[in-house]
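Shown below is the structure under consideration.
Which chain is which? They are A, B, C and D, in the order written, and residues in each are numbered from 1.
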Amino acid sequence: MKMSEKLISAEEVVKHTTSESCWVVLYGNVYDVTEFLPSHPGGSKIILQLAGRDATEEYDPIHPPGTLEENLKPEAKLGKIDPQTLVRTTKTAAKEEKKGVSADEIPPMESLLNLDEIEQVATKRMPEKAWAYYYSSSDDTFSKSFNNKVYRDILLRPRVFIDCTRCDSSTTLLDHKVGLPIFVSPAAMARLGHPDGEAGIARACAKFGAMQVISNNASMTPEQIVADAKPGQMFGWQLYVQNDRAKSEAMLARINRMRDRFKFICLTLDAPVPGKRELDEKQNFKNAVTVASGVKTASEPNRPGGGGVGQQLFFGTASDLTWKVTLPWLAKHTDLPIVLKGVQTHEDAYLAAKYAPQVRAVILSNHGGRALDTAPPAVHTLLEIRKYCPEVLDRIEVWVDGGIKRGTDVVKALCLGAKAVGIGRPALFGLGAGGQAGVERTLEILKAETETCMRLLGVEKVSELSPRHINSRKVERDIFEGDAGLETFGLWDKVKSKL
Amino acid sequence: MKMSEKLISAEEVVKHTTSESCWVVLYGNVYDVTEFLPSHPGGSKIILQLAGRDATEEYDPIHPPGTLEENLKPEAKLGKIDPQTLVRTTKTAAKEEKKGVSADEIPPMESLLNLDEIEQVATKRMPEKAWAYYYSSSDDTFSKSFNNKVYRDILLRPRVFIDCTRCDSSTTLLDHKVGLPIFVSPAAMARLGHPDGEAGIARACAKFGAMQVISNNASMTPEQIVADAKPGQMFGWQLYVQNDRAKSEAMLARINRMRDRFKFICLTLDAPVPGKRELDEKQNFKNAVTVASGVKTASEPNRPGGGGVGQQLFFGTASDLTWKVTLPWLAKHTDLPIVLKGVQTHEDAYLAAKYAPQVRAVILSNHGGRALDTAPPAVHTLLEIRKYCPEVLDRIEVWVDGGIKRGTDVVKALCLGAKAVGIGRPALFGLGAGGQAGVERTLEILKAETETCMRLLGVEKVSELSPRHINSRKVERDIFEGDAGLETFGLWDKVKSKL
Amino acid sequence: MKMSEKLISAEEVVKHTTSESCWVVLYGNVYDVTEFLPSHPGGSKIILQLAGRDATEEYDPIHPPGTLEENLKPEAKLGKIDPQTLVRTTKTAAKEEKKGVSADEIPPMESLLNLDEIEQVATKRMPEKAWAYYYSSSDDTFSKSFNNKVYRDILLRPRVFIDCTRCDSSTTLLDHKVGLPIFVSPAAMARLGHPDGEAGIARACAKFGAMQVISNNASMTPEQIVADAKPGQMFGWQLYVQNDRAKSEAMLARINRMRDRFKFICLTLDAPVPGKRELDEKQNFKNAVTVASGVKTASEPNRPGGGGVGQQLFFGTASDLTWKVTLPWLAKHTDLPIVLKGVQTHEDAYLAAKYAPQVRAVILSNHGGRALDTAPPAVHTLLEIRKYCPEVLDRIEVWVDGGIKRGTDVVKALCLGAKAVGIGRPALFGLGAGGQAGVERTLEILKAETETCMRLLGVEKVSELSPRHINSRKVERDIFEGDAGLETFGLWDKVKSKL
Amino acid sequence: MKMSEKLISAEEVVKHTTSESCWVVLYGNVYDVTEFLPSHPGGSKIILQLAGRDATEEYDPIHPPGTLEENLKPEAKLGKIDPQTLVRTTKTAAKEEKKGVSADEIPPMESLLNLDEIEQVATKRMPEKAWAYYYSSSDDTFSKSFNNKVYRDILLRPRVFIDCTRCDSSTTLLDHKVGLPIFVSPAAMARLGHPDGEAGIARACAKFGAMQVISNNASMTPEQIVADAKPGQMFGWQLYVQNDRAKSEAMLARINRMRDRFKFICLTLDAPVPGKRELDEKQNFKNAVTVASGVKTASEPNRPGGGGVGQQLFFGTASDLTWKVTLPWLAKHTDLPIVLKGVQTHEDAYLAAKYAPQVRAVILSNHGGRALDTAPPAVHTLLEIRKYCPEVLDRIEVWVDGGIKRGTDVVKALCLGAKAVGIGRPALFGLGAGGQAGVERTLEILKAETETCMRLLGVEKVSELSPRHINSRKVERDIFEGDAGLETFGLWDKVKSKL
C-alpha cells in the first residue's frame, strides 16, 4: 500500500471535527474517517472526541497493528501532517493524565514482596484510564472483593513430619506439560498499561513455563504475541463470537494455522452483555466533559452509564450463543479443543461435561467480578460441583480464576479439584508496574508462595493436593442448596434430567 | 369564595403571635387562625412558631391546594398583606437552610451512575428538613440498613450459553400491564423535596409505564397528580384510615370516582402508631430552639422526641384497625381491590390470603425501617412464606419494598416470588436531585440494571425468574423458625388453625 | 457526740502525712486516722494520698453519712480546721478534673432523644473518676459490648391489623404491682456522679412506679434513699455478704425493719472476687502518680492493676458463699424473699429454682460485663433455660440486666420469658447528665420506646408478649450445647441429677 | 587461645570489603572472615554489608558466646583495632534506629495493666529490626490475628454460689510440678530485644515456677541461660535438626548432660521451611539499600523476599524429617522425652500418640502464624482432637500456643483439654519493654488474670476445668469436618487405618 506524500497543515485538519467531515492524525498520517464513523465498534462519539487532531496516543494502545488497513479504504489516507504545524497539546494532556511518578521513584521489582505491592506501584505508574479499566468491576464490586475473601475463609491443614525437601509445582493442562498450575487469564488491551503489551506477558510466561490465554481484544496480533515463544510454550485463544460470524470464522482459521502455539479455543460465556463497571464509565464521562459540545451526536442515545472502555470493546459481540447451535458451528471451523469460560453453576458444569470431548475444560469464573455483581466466586461453583456432580471432575478439566492474590489461594483451589488457576488483573498490574519484568515478578512470587505452601502442607506434587489439606467448612455452609434444601435429597436428579 | 381586599401592614400582623390571637400570612393573604389552632393535625405549637409572619414557604410544600378552604371559615381571611411593609426575612432564612449548592454545580442527571450518587446530589440540594424527613428511620436505623444489606447476602446464579439478545422486563400487576416490575411506594410530602412534587413523579413513571402508589399525605391532590397521566398508566391510593371515619369515607368516594386511574386502595398497616425517627425529631427540636420562648404552650405535654414531620403527619390516624371490622367497612365504601401494606410475618400473609379476593395483594414492608427498628426485611418475610405457607403466593400477589438500590436487588426479590418491587426513598431522592428528570434517571438506571441482570442470568422474561437463579442460603439460615424450631415440624399447622 | 472546738492550722495538719501519723480534714474537722489506716476497706494507701489536707471532696460522695462515727473513736476528732489557713488547692484540682462543661452548655433533658445521647452528656459532665468507674468493664470490654449487640441480633415480628390504641406496660414483680417492667439495678456510689445520689434515682422511679434495687455500696443510707418514697413504691436491698458476718446480719436486721419499702434481698453472686476493670484502675494509677513519693507504703504489695474504685469497694466481701450454707444463714436473718443476682448458666438457674420458695427470682446478669470478660449475656442464659429447663420459668421469676439501650431490647427480653429488665449504667448516666431529672428522662424514654414497640407488635399487655414476637434464631445458634451437642440428646438429665 | 596484640588502624580495615578480602571488627579485634563467607548460615551478603567496620553491635545480640571460636581458625584473628582510629558511626546509626524513647519516658512496669500495653511499650523501646522480627508473621497475618480472635469467640460459663476463696493455678507437666499452666515457648534471639536475653526470661520464670523452652536459635548458650535456675525449675530444649546431623547430635549430647535442667527435647515440626514474613524481609531490604553497591554478590540469586532475620536463621535446617526415620535417630541420641511442636491436625495428633511413650506431648501450634498463613489456630486442632480422636488426650499431654493475650484465653484452652499454654511473643515483648522485669510483669498479669477467671468460674484447681465451663459452639461450627462431612460418620476410621 503506497502512502500519499502530500503535506497537510494542522490548521486544515482542525476544521474537520463533525460527523459530516471527520479527520484524524495517526502515526503522522492524516485520515478522513467520515465514512467509517457509523461502523466503529466503539461508537462514533469516541472518534469525534479526537477529531481534528493527532490521536495516535489514544489510538495506539488499543488497536493491534493492521487495524487501520483492515478498516479504511486506501483513499481515506489524505497525506502526511506537516509536523511544523502540529502543536502537541494531546501528548501533554496525556502525560498529565499519568499520575506523575518519575522513573527514579519506581522501586526495583525484587523489592516488591506480594501482589498487593505490585498493584500499588502499577496504580501509580499507569495512565488513569488504563487503571480504571483494569481495576473496575460491576456495581458495588461485591463479587470482586468476595472472589478474594472466600479464599481467606478456607483454612489450610498442614501435615507435619514429612520430608518436604523436594517440591514440584509443574502440572499438565489438556495433556500439555506446564511449569506452573497458574495461567494468565484472557484480559483485553494490555498495551493500555504498558508498551510491552501481551508480548511482554508472553515472554514472562516463557520463563516459568506458564500458559497464557490471549484475549480476543488483545492490543497486539496473535502472531506478534507468540513470535518469541519458546518450544513447548502453551497458548489459548479467547473467542468472543462476533455478530458478523464471518469475522469470527476468519479469526478461527488464523488461529488454526498457529496450532503449534495455540492449543485450544477459549469461548467466553460469562459476559454475553457487558456488566456495569462504573469506575470505567466514570472515566469516560470525565473525558467527555472536556470535549467541545459541538462534537456531540444526537443520534447516539444516552444509555445509563454511557460506556467506558469495557462497553466499547463489546460492540459487535454476539449475545445469542447456545449449546445447541454454537458448539456445532465451532466444530465446523476448528478442531482445537474447546474450553468454556464463565461457568458459574454446577448445572452448567454438568452440561459442559456432557459435551466432552469437544469441550475439554471449563473455567469457573465470574469474569473477575466485572459482569454480574454478587455472582458467585469460582470456589462456590467448585464446591457445588463436588457436592452435586463430582463426576464432572473426572470427565473434563476444571480451571478457575478470580481473586487470586497468594500462593495459598492457588493451593486451596487445587485442593478442591481445580486443575489450574488463572490470574487476570495480577498479570496486567505486573505489566503496569514494570512491563515484562513486572509480570515475571508476579509469577515468581506466586510460584514461590505456592511451593512454600505445598511444602508446609507436606506435599511434593500438585497431584497430591486433596480436600483433606483444607478446611472449607465455613464456605460450604453458604453454597447453593436448592429450594428448601431439596437439592441435597434427590431433587437434583430431577433437575439434571431436564437440563 | 370572595376575597377581602383590605390591606394589612406587617407591623399589625406581627402583634398576633399567641394562642389568644394568632395571625399568619399565606399566599399574600392574612388569616386569623386562632380558632383553628387546637384542631391543627400537627399541633398548635408548629403554627405558633410561624405566627405573625409570612408562612407560605413553610406551609406550601406540605399542604395540598384546597386545604385552607377546607379548614378555615371564610371570615378567617382578614385581608391582603401590604407588600411594601413585608420584610422577607423568612424567605432568606429558608434559603440559607438549603445547603447552598448553586445551579451550575448540579451535575447532569445522565452523569449519575447509580442510586447512591443520586442520593448524594439530593442530599446537597434538598432543604435540610426535607432531607431529614426522607432519610430518617427509627431508633438506630438497623432495619433501614439491613433492608439493603440482606440483598447483598443473596448471591446470583448466572446460567450461560443461553441466547440473551432479547429481554423484556414488563409484567402485570393485578392484571394490569406495567412497563416495569418496579413501582413507586407511597411516600409523603414530595413537594418538600422539589416543587415538581408527586405530579413530577407521575410524569416520570409515565415514561416507563411504572406504577405509582400515591401517599395519603401527598402534598398535591390526587386529581392534580394524575392530571397528565398517559392511557393505561396505573396508580394506587394509599389510605391511612382517620379516626374521623367520615373523612376517610369522603376520600374513598373521591378515589372511586377516578377509577380509570386508581386501580386499588393500599391500606397501610405497618405504622398504626408513629415510629421513633430521631433524625426527623432532632430537626424539629433545632427549629424550636430559635423560636421566642413566649410562644410555647404549656398545654402541650413534652413527649419524648416531641415529633418531627413524621409525627405531625400521624395526627388523627386511626390505630384501631382490625381484620374483622376494617375490611368490611372498606367493602362498604369501595369495590376497588385492596392491597395490604406492611405485612411482616408469614402468619399475617397467610391471613391476608384468607381475605382474597377482596384483598388482592400484600406489600411486605417494614415501612422503610421507619416504624419498628429491628423489624424484619421483606426478604425474610418472603422466605418465611416460601417455607411455611407457599400457597399464599398462588392466592394473592406479593409485592415488597425497602432497601432496593440495584437492579440485582429487584431481580433477587422477583426470584423469591415477589411480583413487584417498590421504591420509596429512591424516588424522593431522584425528585430532590433533579425533579421529574431525577426520578426518570432513577427509573432508567434501575430498569437498565434489572435487564442487564436478567440477561446475565440467561433470562428473557420476568416470569422465568426462579429461586434456582439465586443462592439465599445465608439468609435462610436466619429466618424465623418458631420456638425451638418446631415451626418446621408441624407446629405451624396448630398455629395456623388459631389465626 | 460533742465536738472539740479547738482550731488547728493547715500548716500543722500538713505535717501528718505518714502511716506513723496521719491527719485529714473532713467537713471542717481535723481527724487523726492513724489507727484506722490498716482497717480501711480501700487500703491505707488511698488515705495516705489524701493525708495532710482537706479530703472532703474525695471522701463525701463515696461514704454514706454516719460512716465516720461508725469507724472512728470520738478522740480521733482533734478539732476544727482554721479556715483562714486553708488554701483550697484540692477543690481547684477537683474542679479541673471535671471536663469543663459550663452550665449553660447543658442541653435540656427533653432534647435528649435516646440513652446514648444521655450518656454523652453525662460523659462530659461527670468527674472523670466517676465516669471511669461507671463506664469501665473487665478486660477487653467484650461482654459489655456483646450484652447490647446480642439484642441487635434478635429481630422483631410485628403483627398487624390489630387494634393497638391501648397499651399498658405495667406488670407485677414478686406479686407487687410496678408501673414498668424496667427496674434500676444495684450500682454503687451514685453520689460520685451527681449529688442527688440514690435518693434522686428513687424520686425518679417514684414518678414511673419503677422498682429500684439499692446497692450494698450506696453512697447514702437506705433510710435516706427511701425517705421520700411514694406508697407502693418497691425497693430491693442488694447484699454483698461481708467476711465479718455480724456486719451483714446487722444490715439485714436494719432492712427487715423497713419491710414496707424493701420487698426482697438481692444476693449478688456474679462478682465473688472483683473483675479486672482496667479503665477504673488506670484512673487510680493516674492519681497515684501525682502523690508525693513519701506517702507510699512498702507494706502493701503491688497487685496487678493496683485497684480502682471497684477494687476498693470489694474489700471485706466474702468469697465463700454456697448454696448449702449461705441460704440457710440468710433464712435465719431475714424472711424477705431472696433474689439471686448473677446467674449465668441454665445449671445455676435450675439449682436456684430448686430453692424456691425461699428463692423467688434470679437476675440473669454478668455484672454489666464488669466481672468476667466473655461471660455470656443474659439473653444466652435465657435461651439456655428455654431450651434445657423451661420449667424454671414457671417456678421462679427470671429477671435480666445488662446491655439495655432501647425499648426494643426490653421487649425482646420479655418475649423470651424475662419478667423484668434492669438498667444499671443508664440510670447512673441519667443521674450524671441531669440528676433526678436525667434519671426521669431515661425512664421516660425507655417507657415510651417500650410501649411504641408493644403497639407496633400488636400487643396491649406485657403478658401477651411471646417468643413468636421475635426471631432469635441467629442467637440460638450460638448458645451452649454441651460437649459435642449431647446436651440436646439427653445428657442434660445426667448432668441435672448431679447438681 | 592466645590473642594477637598487633594494632590495626580503621583505615586499613576499611579497605577489605569484598568477597576477595573481607575484614570485620568484633569486640575490639580485627578478623579476616574471607574464608568463612561461603559457609555463613545467613549468607555472605549480610557479612559483606558489615565489612570494613566494627560490626559488634549487629553481631552480638544474635550470636551466642563461643560462636566465633567455633567457626574461625585462630589465624583469622589479625590483631586489635586501634581505638583512636575508629569512628563510631555504626553505633550512632544503630542508636538512631531505635525509636528514640528516653529512659524517663519508660512507664513503671506495674503501671502496665495488660499484655497489649506491654507490647506497646516494647514497640517503642525495641530496635526496629528486632521488633519487625518478633512482630512479623506470614503473608497477610491472618493466622496471627485469628489465633487470638478465636479465643474471643469462645464464651465462658461462670458457675456461681461456690466458695472461691482458694485458687491454685499450679499443675504438672510431664510429671514435673510447675507453678503455672503457662510456659514460655521457644523463640529465637532474645538479646535482639534486650540485653537480658534468654537468661533474663529464665530468671523471670523462676519467680513463678514457670517452664521455659529454649530456642535452638537462642542468643545465649543453654549453659548461660540455665545458670541461675532455681531448684526444680523446668526447661525444655527446642531442636531444629540440622542438615549436618553431627551438629545436632553434638547439641543433644550437650543437653543430655544438663538433664537436671532440661526435661525434654522439643522437636519443631511446623516450620520445615521458612514462612514468608514480609515485615521482617522488608526490614532486611531497607538495610540493604543503604549498602554500597560494590558489595553486592552476583553469585547469590535474588529469591522472592530476599530473607529477613527469619530466613537467615533457617539456613542449614533440615526439611527431611519423618516419623519413621527421625524418631529412631532421636532415640539413639537422647533418652529425654520428646515433645512434638507444630501439630495442626487431629491426624498428626493421632499419629503422635501412637509414638508414646517416646513422644510424651505435642504442642498444637501454627508457629505463631509465622509459617503458613491461614493455618488453623491451636483451638481448632484441639476441638478436632476432642471430636475425632479424644483418646489422644489420655495417651499424651497436649499443649498449645499462639494468640494468648489474657488469662481467660489460658483458661479456655485448659477447659478444652490443653495441659499447658505457651507464650512466645508476649515473653519477648515483656523482655523488650523492661528486660527481666518486663517478663515478670507479663507472667504476673497472666497468672493473676488466670486465677481471677478460675475463681469467677467457681473453680479452685486447674484439673477441675472442663468443657462445661465454656461455650465453644461458634468455633466448633467451623472446624474441619472431612470431605462432605463424612469424617463424622465413620470415614475417619478408614483414614485412621491408612495413617
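Assume a residue touches a chain if its C-beta (ideal position, glycine included) is under 8 Å from a C-beta of that chain, and two chains touch if they have at least 3 such contacts.
Since this is a predicted model, take the numbers as computed values, not measurements.
**Q** Going only between touching chains, how few steps reach chain D from chain B?
**A** Tracing touching chains, the least step count from chain B to chain D comes to 2.
**Q** Could you say what rotation angle superposes chain A on its sequence twin chain D, using C-alpha positions and rounding to the nearest 5°?
**A** C-alpha superposition angle, chain A on chain D: 90 degrees.
**Q** Same or different for chain A and chain B, where same means more than half of the interface numbers show up on both copies?
**A** Looking at both copies, the contact residues mostly diverge.
**Q** What is the distance, in whole Å, between the centres of chain C and chain D, each centre taken as the mean of its C-alpha atoms?
**A** Inter-chain centre distance comes to 45 Å.
**Q** Could you tell me the distance, in whole angstrom, between the mean C-alpha positions of chain A and chain C?
**A** That pair's centroid distance is 63 Å.
**Q** Which positions in chain A touch two or more other chains at once?
**A** Residues 477.
**Q** Under the touch definition given earlier, write down the residues of chain D that touch chain C in their complex.
**A** Against chain C, the touching part of chain D is residues 110-111, 113-114, 152, 154-165, 386-387, 406, 408, 441, 444-445, 448-449, 452-453, 455-457, 467-468, 471, 473-474, 477.
**Q** For the complex, give me every residue of chain B touching chain C.
**A** Per the stated touch rule, the residues are 139-140, 142, 269-276, 278, 281-282, 285, 302-306, 319-323, 326, 340, 342-345, 347-348, 351, 366, 371-376, 380, 477-484, 495.
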